[in-house]
Amino acid sequence: MYYAELLLVGLIWGCTYAMMALGLTLVYGLLRILHVAQATVFTLGAYIGLLAANYSGSLAVAFIAGAIAAGALGPLIYRFVYQPILDRPPFVALVASIGVLIAMEDGFRLLFGPYGLSFEHNTWFTTTYSFAGMTMNLVQIWMVVTAVVLLSAFAIFATRTRAGVAWRATVSDPPMAESFGISVSGVRYVNFLIASVLAGIAGVLVGLLNNLVEPGMGSVIAYKGLAIIVLGGLGSVPGTLVASLALGVVESYGTVFLDKVLDRDAIAFLFLIVVLMIRPQGLLGRR
Amino acid sequence: MDYYVSVATFAALNVILALGLNLISGFCGQVSLGHAAFYGLGAYAAALCSVAGVPFPLAILVGVLVAGIFGIVVGFAALRVREDFLAIVTMGVGFLFLGAVRKQPWLGAEMGIAKIPSPLDKWGYAALAIGAAVALVVLSLHVRRSWMGRAFGAVAQDEDAARTIGIDVAGYKITAFFLGTAAAGLAGGIYAHMTQLIIPDTFNFIQSITILAMVVIGGIGSTIGVVAGAILLTLMPELFRFINDYKLLVYGALLLLVMRFSPGGLAGLLQRLGLRLA
Amino acid sequence: MTLLEGRNLSIAFGGVHAVENVSLAVAKGELLGLIGPNGAGKTTLLRLLTGILPPDTGHVFFEGRDITRMPIHRRAQLGFALTHQIVRPFREMTLAENVMMAAAGEVTVRPWKALVAVNARRERERALGLLERLGIADGADKLARNVPLGYLKRMQAARALALNPRLLMLDEPLAGLNAAEATRLADLIVDLNAGGITIVLVEHNLGEVTRIARRLLVLHNGALLGEGEPRAVMARADVRDAYLGADVHA
Amino acid sequence: MQIKSGSRLLVAAALGAALVAPASAQTIKIGFHAPLTGFAAADGKSALNGAELAVEEINAAGGINGRKIELVVVDDQAKADQAVPIANKYIGEGLKIVVSGSYSGPTRAAAGVFQKAQIPYISSYAIHPDITRAGNYVFRTSFMGEVQGRAAAKFIGDIMKKKNVTLITLNNDFGQSLSAGFKEAAPKFGVKVISEYTYAMGDRQFGSIVASVKRDNPDMLYVSGYFFNGGPLVAQLRAGGIKTPILGTEGFDTHNFIKIAGPAAEGVMITTSLDRDSKSPAMRKFIDDYEKKFNTPADMVAASTNTAINVAAAAIAKAGSDDPAKIRDAIAGTKDFQVSTGKISFNDLGEIYKAAQVQVIKDGKFHHQATIDDPQLLAPPMK
């Protein structure tokens, strides 16, 4: 029973990671950029969502507002930060991205205060359901549901729609896609839009889950998200999902059983290093 | 006066750290996001030795070697994974180091190691740090001119091609990691004795990013540029004390702007200006 | 006297046998052509011989010594040079520096030895000589990323020669060159061979290959189809079928 | 509100800069460093608020012997390597006393520098045991972690009469020293530590700890941490159906904790030194004035820096001189001084003794639950 509960905890964490990391994978797949600044998109979504919820009293409004704000910020970062330096070595974009993250995190602190903000009426947080001796609150359930729904929707988009097929064609071979009349630049904007909206929704969900939205809440995504997409095989969407769930479960057991030896981050990265030493291309990556 | 001495000492330590990373990333092309771990390894190893009564020079030497030996281990990892994968693995090494130290009672866990004997005074540490920094600058400039530097360049630009012309890519990568991390270990040993207290948080991911920022802002691969970058970023908090509350905002924006408008860093900027003047 | 020998070499990618149970021997001083239609496994076989790919089964011998598991750079140090099908220059170095890197094998063999060596005059002279010999001396001080493909192809050959090779493996050295350039490089290959370098040549340009090679090896579907004197091999019906079936350019 | 405080900081910093060269005879400058940016900025903000309130009130009451005091504020980002130049800068500017509103790393690093320069230095809330061991010029006006942990053990064993306790410990110097003190004192009060789980500063999700606590089924939980991880932790414990009483630490001592944990905060107890129901005029006045000035309830960090500044000011007044040695002696001689965190006196190591308060959260507010006053148990280490 105890082990089953730890597994459940790990899978919920895994869904949270998946929501946070999917956008990173999309950006990496298309542009080969380690988009650390995704963390600020995530945090902005959480802040705007929280302000909307506290103002309107509705969580639905919170999600819409968070998604819109995040969806606006991501493409802007692409336009003004990445686009001009796409032809530079990859670390240039990485350092620029880190710069955006540091500046924006501090911007959030100046704008919204250092203490963080809490939802005034976080009904999902206090509503709990018990079954088979395990208890979950409504945010956790929504986290799992949202992850499954959005990720399935994304899979359908990528395989069944014209836009999705164009997107995949661009990812695998941009010049070829261009020769077929696909606007590569348009696909990049759409890509950033999707990645950012996902991050914004994840931000609101994580904000609800912690009942706390704070300037540095994105730092988890900034480093663990990178670990997850690398673990999954860089640019592989199914790989990211598998890696997220695997990491969630490893952390769930690890934080209890390796407690005396390593902390949570170290457990996650030990797992990453061990996997990469055995499979240098990541869990589902191709050589 | 004391203030300037201590700022100069920290600037020198940062020059050592940044030049070490530049050897690995700038010269040999191996991205590392975990350089602070080796700074920490050197600090912890030297501190443990000193607390156990080992003479100061020997303690520093042990710090250098321990950092360098772990650097060799990470160098072997660099043979398995490349580029972005390597960047994340080295970042993981940083987290692993910190996560392990935090839990080890014999390393003081979160309390760190305190009461480290301090055999020198301010001036002594300043002289030691600046001397080591100058030595490293000389070494860096020399490596660049030597066949080792050329071989590093070949590995950085195309390691498969380097192999086919007989260059021992693995050997050079490991050498670069050893030299770069040993330098970080030297900085760590000096730091530990100077402040007499080390705690895990000093050697965290942010520290690794800061060292990387020094290298990149200075101009990756350029020794003089990296020295300038390290000094600039050390002075920044000092210069910007008057904007206390906006310091990180300015710092982040600076990283972004340099990358956006001069991806070659300060060195690239000067080169461009030079070309335009010429 | 055999210089290089491959015994029962096989490799499969995802179930497809790219090279299957191929054995071959290259005699000292030979100029061997390795031909076959597209996808026959020529480049793969070359990669097995040079160590870029480890074979699933089989062994490679150099002067009777098993080098199957020897790292590439050690083979290069033994005098085992190769050029890539797609040129792989050090893009931020000049052509001369590219060749100098290969000419400095004695110095760069150990990192610590390389650290104390600064002087490069000897290597530069040698590099300039080789570039001259290949007819691209005018590009010596241009960055590799700024010169045309023809220069890079020949620079790559110069780089391989700078290793003082005893065995030179050339992967489509003539591809991408115009007819005059190709003939000139082919002549140079003959010269090199006459000068004592054993050469294995993978080439699509059948005209040049049959002209200069003294023996041909034909690969088809990953297996050895035949071998012998060029004109005789090219006259064989099965060889013609293999080419006509797959490659209209034959 | 935040923007305004930012500009106020600018003004303060600009004033500080302007006054560097000609040392004004009128004002007495007190150095003050805190993590105003970076991961610890929330505590830095409270620290600065508490210190500014003290300065404002001292000046409003006429200053020290007719002279106004002034803070020279510097951001240390909670980084040890920034603290050393900061300390040297203060010394170079001729400051006679400095207060730390920061964490253990920077405070310990700076303590060595101030000791060498013979400048009195007061740590407000950093808890590393080695800070005061830097020498006789270094003082601390807060509990040491071990002491607070011992008080918690006594409360659980003697007052709550609980036997089997599970510890959930924040993995930093604060959490580890609390846990050490608790485990050391627990046997004396018949308390058994049946399990201990740890978590890191950045953790906000504690599912596996909740599952483990459920399995262990302790009589009581002793939880260390700060409001930003303690809030979600307590909420998740309650959401997980765990009804076990919880004793927290002074890191939870802010209304932000209650805002985050929401209804789950009800009934949570903490050990601290700020008693919201106190009759002590100093404590009362601080709590009320703080809320009025900053429009937010006071917290433990603010109370600690407020205390430290008051101790510093009183010592300068008593010394009647700017001589650092005399100021040091005056601080060391502080006896039964009433401040926002209680009645304090220093021992020969520069540590204080004071009673520990246990507060309980009722109807969304902190209230008095118990006072642990045991001079022997809570004695700080001596030289």
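Chains: A, B, C and D, in written order; residue numbering restarts at 1 for each.
Here is the rule we go by: a contact is a pair of C-beta atoms (placed from the backbone, for glycine too) under 8 Å apart; a residue touches a chain by one contact, two chains touch by 3 or more.
Since the model is a prediction, treat every value here as computed from it, not as a measurement.
Ranking every chain by how far its Cα centroid lies from the centroid of chain D, the top place goes to C. Of all chains present, the one whose mean CA position sits nearest the global mean of protein CA atoms is B. The centroid of the Cα atoms in chain B and the matching centroid in chain C are 41 Å apart.
A separation of 34 Å divides the Cα centre of chain B from that of chain D.
With each centre defined as the average position of its C-alpha atoms, the distance from chain C to chain D rounds to 72 Å. Looking at chain D, residues 6, 37, 171, 198, 200 sit in touch with two or more other chains. Among the residues of chain C, none is found touching two or more other chains.
Looking at chain B, one finds that residues 102-103, 245-248 touch two or more other chains. Judged by the touch criterion defined above, the protein chains form a pattern that is neither an open path, a ring nor a star, and not fully connected either.
Here, these are the chain pairs in contact: A-B, A-D, B-C, B-D. Against chain D, in their complex, chain A makes its touches with residues 2, 5-6, 8-10, 12-13, 16, 106, 109-116, 118, 122, 125-126, 128, 130, 135, 137, 206, 209-212, 214-217, 219-220, 251-253, 255-256, 259, 263-265.
Across the complex, chain B is touched by residues 28, 32, 34, 81, 84-85, 88-96, 98-107, 110, 223, 226-227, 230, 234, 259-270, 272-273, 276-277, 280, 282 of chain A. Across the complex, chain D is touched by residues 1-3, 5-7, 10, 102-103, 109-112, 114-115, 118, 191, 194-199, 201-202, 237-238, 241-248 of chain B.
For chain D in complex with chain B, the touching residues are 6, 9-10, 13-14, 17, 36-38, 73-75, 77-82, 84-85, 87-89, 91-92, 104-105, 108-109, 112-113, 117, 128-130, 133, 171-173, 175-177, 198, 200. Residues of chain B touching chain C in their complex: 142-143, 145-148, 150-151, 153-154, 157-158, 160-172, 175.
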